[in-house]
Amino acid sequence: MAIFKDKHYLRVKLDKETDESLWMQCKSCGELVFKRRVRENNNICPYCGEYFFLTARERIESLIDEGSFTDISKPIMAADPLLFQDTKPYPQRIEDAQEKTGLADAIIIGSVVISEIAVIIGVMDFRFIGGSMGSVMGEQICHGMEEAIRNQCPFILVSSSGGARIQEGILSLMQMAKTSVVRAQLAEQRLPFISVMTYPTTAGVQASIASLGDVIIAEKGAMIGFAGRRVIRGTIAEELPPNYQTDSFALEHGSIDRVANREHLREELSNVLRFFVRQ
Amino acid sequence: MAEKKAIELLETKIQELRELNKMEEIDMSGEILLLEEKLEALKIRTYSNLSDWERVKIARHPERPYALDYIDKAFTDFYELHGDRIIGDDRALLVGLAQLQGKPVVLLAQQKGHSTEENKQRYFGMPRPQGYRKAKRIMALAERFSFPLISLIDTPGAYPGLEAEEFNIGGAIANNLLAMAKLQTPTIAVIIGEGGSGGALAVGVADRVLMLENATYSVISPEGASAVLWKDKGKTKQAANSLNLTAEHLLKLAVIDEVIPEPLGGAHKDPQKTIASFKKVLTRHFAEVCDTPPDELLAARYKRYRSLGCYRTLSDNR
Amino acid sequence: MAIFKDKHYLRVKLDKETDESLWMQCKSCGELVFKRRVRENNNICPYCGEYFFLTARERIESLIDEGSFTDISKPIMAADPLLFQDTKPYPQRIEDAQEKTGLADAIIIGSVVISEIAVIIGVMDFRFIGGSMGSVMGEQICHGMEEAIRNQCPFILVSSSGGARIQEGILSLMQMAKTSVVRAQLAEQRLPFISVMTYPTTAGVQASIASLGDVIIAEKGAMIGFAGRRVIRGTIAEELPPNYQTDSFALEHGSIDRVANREHLREELSNVLRFFVRQ
Amino acid sequence: MAEKKAIELLETKIQELRELNKMEEIDMSGEILLLEEKLEALKIRTYSNLSDWERVKIARHPERPYALDYIDKAFTDFYELHGDRIIGDDRALLVGLAQLQGKPVVLLAQQKGHSTEENKQRYFGMPRPQGYRKAKRIMALAERFSFPLISLIDTPGAYPGLEAEEFNIGGAIANNLLAMAKLQTPTIAVIIGEGGSGGALAVGVADRVLMLENATYSVISPEGASAVLWKDKGKTKQAANSLNLTAEHLLKLAVIDEVIPEPLGGAHKDPQKTIASFKKVLTRHFAEVCDTPPDELLAARYKRYRSLGCYRTLSDNR
């Protein structure tokens, strides 16, 4: 675990795959695109508008005033309380994910400035075991909210998660309760919590902290819901509409406040934050 | 398997001897005593080392007592309240008023069906948003009148279906977690059968979390874990053993406060005894939480959930 | 207005029509029934079980411990703030209704005892201009809740109303708000409010005080809803299910807590009150 | 009717003269002034004695400014929030954040459609339970952050339909009344068009209730009253005149606090002027309520609604 040599262990390194070649082919439209151009375009294909995953660090950069990010994540990483082993031991899985992402776990907590407003932000990284929420993510989210309370500033959470970290069993389930009780403290303090749902915000994360925003904004193209297509088809063989669990489905059914394109998300946050922060 | 057969045989034999014993001229009491001792030993040998997967099967046993059995026997005057005031009335999550030791309480109870017909009506014990919102409505009632809240948890999970998604089941669960975090009244949750993930937790954030000996409580079903992690439906037993989903494990993980003993072989072997055991443990905790000032309860509840989880601290020079 | 000669102006006199003959024909099954037998049976047909209207006073008698009723209604009656005249002047309509019912308006407030529990009860009388809620009913309901606060006892409201009293225009609409603000006081005081919905509990009454019970019990056969069949068919020509706005419809759609047969309503109230009253 | 034609003719004539006046060699300013005076006099004669039924027609005029017109012009930075978090997002009742005089406010706005297509989407301005529950959710937000709440009322009434009944529209309205009774933040309601019964009141319980001069606010539509009371669809005008549904009447009945003047002939004759007039009156009340301590507001709100109604006291010897 050489990546943890300095205090800034959460600094994101460029994804190796990204560096191997200068060009990539868009999976959606098939066009060959210069990678840097995609990166500079918020990981959106300049030809067809398809969104590719943003790493947590890229996401942060895309949302904040330049250079305003300070990593304030707690210096923690996953333990292995259940000595869990599926196709590989859990510690091995963690190490692999850390190597791949340069992250300690699937979330970064940052102190940042958005349109001159200081906020605490938490951003998930889907590359890290599907952005799954285990003890570390739960603790980091709570830590983020507590930092917001300490600084009396807004809290933003950008979700990208398939749900709970199964390898931590019941302890990952308990993170739903844990983040909720701290969220109650944030409400008590009358501090705003803006929840941003991106692809995907599902299961345990959607059924807890992500759905508890004072304002909930979905990124265009997000997947939002509790039980996935596969589970529903497996359980009850029900016909599902084509827009099932898309951003438009969530908006139509009243689960979220707004949908924003990735390129407008920063402005969106700036617009909503202004109401909550007394100048 | 062979041991279970032996147990059944012994039980039949003892029953026969007892019949014989009833005739005045025959005294078989010595033989009966002997056999009973043998039976007890065999039962202990068989049941006290149940694997986690065996407990999963006991937790799901169709003859296991369900919520309404506990409500009938351990509480009095159950007065069911219906409806979420919005969409409908969920039959997998019942709510109502009842008396426990002469005190009014609010009950939340996940109820499975005993027959196919009943299971259809109760969605096999899987609550829909209507159920969770009914529970939330009744939490507000409990708070207004300072009624302690008692949840009986027994569900494979929240209902997965299009309608549930349309009615924002994730949001409904999330809002219950938040409501239970703040609820200004004593709360106790008891996992009596299956504690199926978010669908269980949505009524399970409490000052005391108790659990029947053979109940399970898990982030995902063994079947689900097998499919997701091993990509192999055959790894169910292995998943069950990995998930730490039994009461014994959960006590060690500080997720629950006490294990409620079941009769050897599981609750369905002797529902009456099980419910008595349930009542004994419940009322002890009930008396405790009712005697604690609300502020203290809330502070302790906060501390409890704030501290759940297990992680390592990174040192700077690693 | 000779009926108001003494202080007990709200005492119900027997309905004249009832006294004209000893027998009546059930509209539902066609049987000829001895009227007294119907009356003694809570105005339920002993042959087919059809419910006939109960007067407010009959309703009270059917619910309370015998002889425990004291009329504590405010000594008020309708004014004519709008000088309203439809097919007849509003004061004339009021006088006719008073003559017919022996009531000052469409509600009685009583101090009563149910299964040894002292409660304040409000009971509407459908015979009085369709149980419509005008300024008097609004004031009486508030008065009843305030009496419950003064006595620190439960409040029960038995609704039987087609909605607002149109002849008082906006002032009748305002009774929805008025009763709601006083209901908030009752909640503040942590006193229980049991709402009993009978045939019919609709429009302005259903969309305000009647729907704000801590517990809502419908009498079997009640009609419960906001917009009547006629309005809906007039506006949008929609197909309506046969059980539209029945007690079963309301229960199925989660708008009420329970349904009770008329003959069990007293026991029902007794059962629920016991939870809220510390002995 | 003849007078309205004359007004239109005069307006055309003045316009023509103005065109002529633009040519350098012709000076018609004297004639124009004369005609303008005549027009003004005629307008006053025609419009200042509008019958209640005529005002009903103005309140419903399809070119009358709707809620979003006020939001666009009298507020800044409107940030709409969607959805009730339960069932859906109602387009007849919009909610959101906005700024008024540099202060954040929460808006509830009933919005009619300008086209058939838009009206279909907006259910002709008739909110469904989804709308009222969205409003209630946003009231809680307003309270948490001490945002003043401003309602713009313009609806024929709550939507009457099977779906609305299934989702308990009556209960939704009732719960909004209760929520607004207790809401710990300053509240202002403005009836800008049609104030249709419970569907209007459900967002209309407030510390200040203001009303456009030609808006209406009634327990039932004149058409409804005609059908119910006279059993005759032809009595609409008579019903309108009986119901006391205009701003003038409602001020006398102490149901509203102030009438917001409209241009002669109605808001649609000069939307800009109307909105300016709206803003002027609104901001004055806004400043007042924002300067009043919350406790005082709530006490006054309670007193206001507690005392609404009109009845006679019975003397003992009558």
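Quick notes
As written, the chains take the letters A, B, C and D, and residue 1 is the first residue of each chain.
Definition applied: a residue touches a chain if its C-beta (ideal position, glycine included) is under 8 Å from a C-beta of that chain, and two chains touch if they have at least 3 such contacts.
The shown structure was predicted, so the numbers you read here are calculated from the model rather than taken from an experiment.
Touching chain A and chain D at once are the following chains: B. Simply put, of B-C and C-D, more C-beta pairs touch at C-D.
Mean C-alpha positions place chain A and chain C at a centre distance of 55 Å.
For the pair chain B and chain C, the distance between C-alpha centroids works out to 43 Å. Averaged Cα coordinates give chain C a centre that lies 33 Å from the centre of chain D. Counting partner chains per residue, chain B shows two or more touched chains at residues 85-87, 166-168, 171, 175. Multi-chain contact residues, meaning those touching two or more other chains, occur in chain C at positions 187, 211, 253-255. Annotation, chain-chain contacts: A-B, A-D, B-C, B-D, C-D (touch as defined at the top). If you check the complex, the residues on chain D that touch chain B are 85-87, 129, 133, 166-168, 171-172, 175. On chain D, the positions that touch chain A within their shared complex are 77, 79-89, 97, 99, 104, 130, 134, 141, 144-147.
For chain A in complex with chain D, the touching residues are 187, 190, 192, 211, 214-215, 251-258, 271-272, 274-276.
The touching residues of chain A, counted against chain B in their complex, run 1, 4-7, 9, 75-79, 81-82, 84-87, 104, 134-136, 138-139, 142, 164, 166-178, 180-185, 187, 202-204, 206-212, 224-227, 231-232, 235-236, 238-241, 244-245, 249, 253-255. Interface residues of chain B, counted against chain A in their complex, comprise 158, 160-162, 164-171, 173-175, 177-178, 181-182, 197-198, 201-202, 204-205, 217-220, 224-225, 228-230, 239, 242-245, 249-250, 253, 255, 301-302, 305-306, 308-318.
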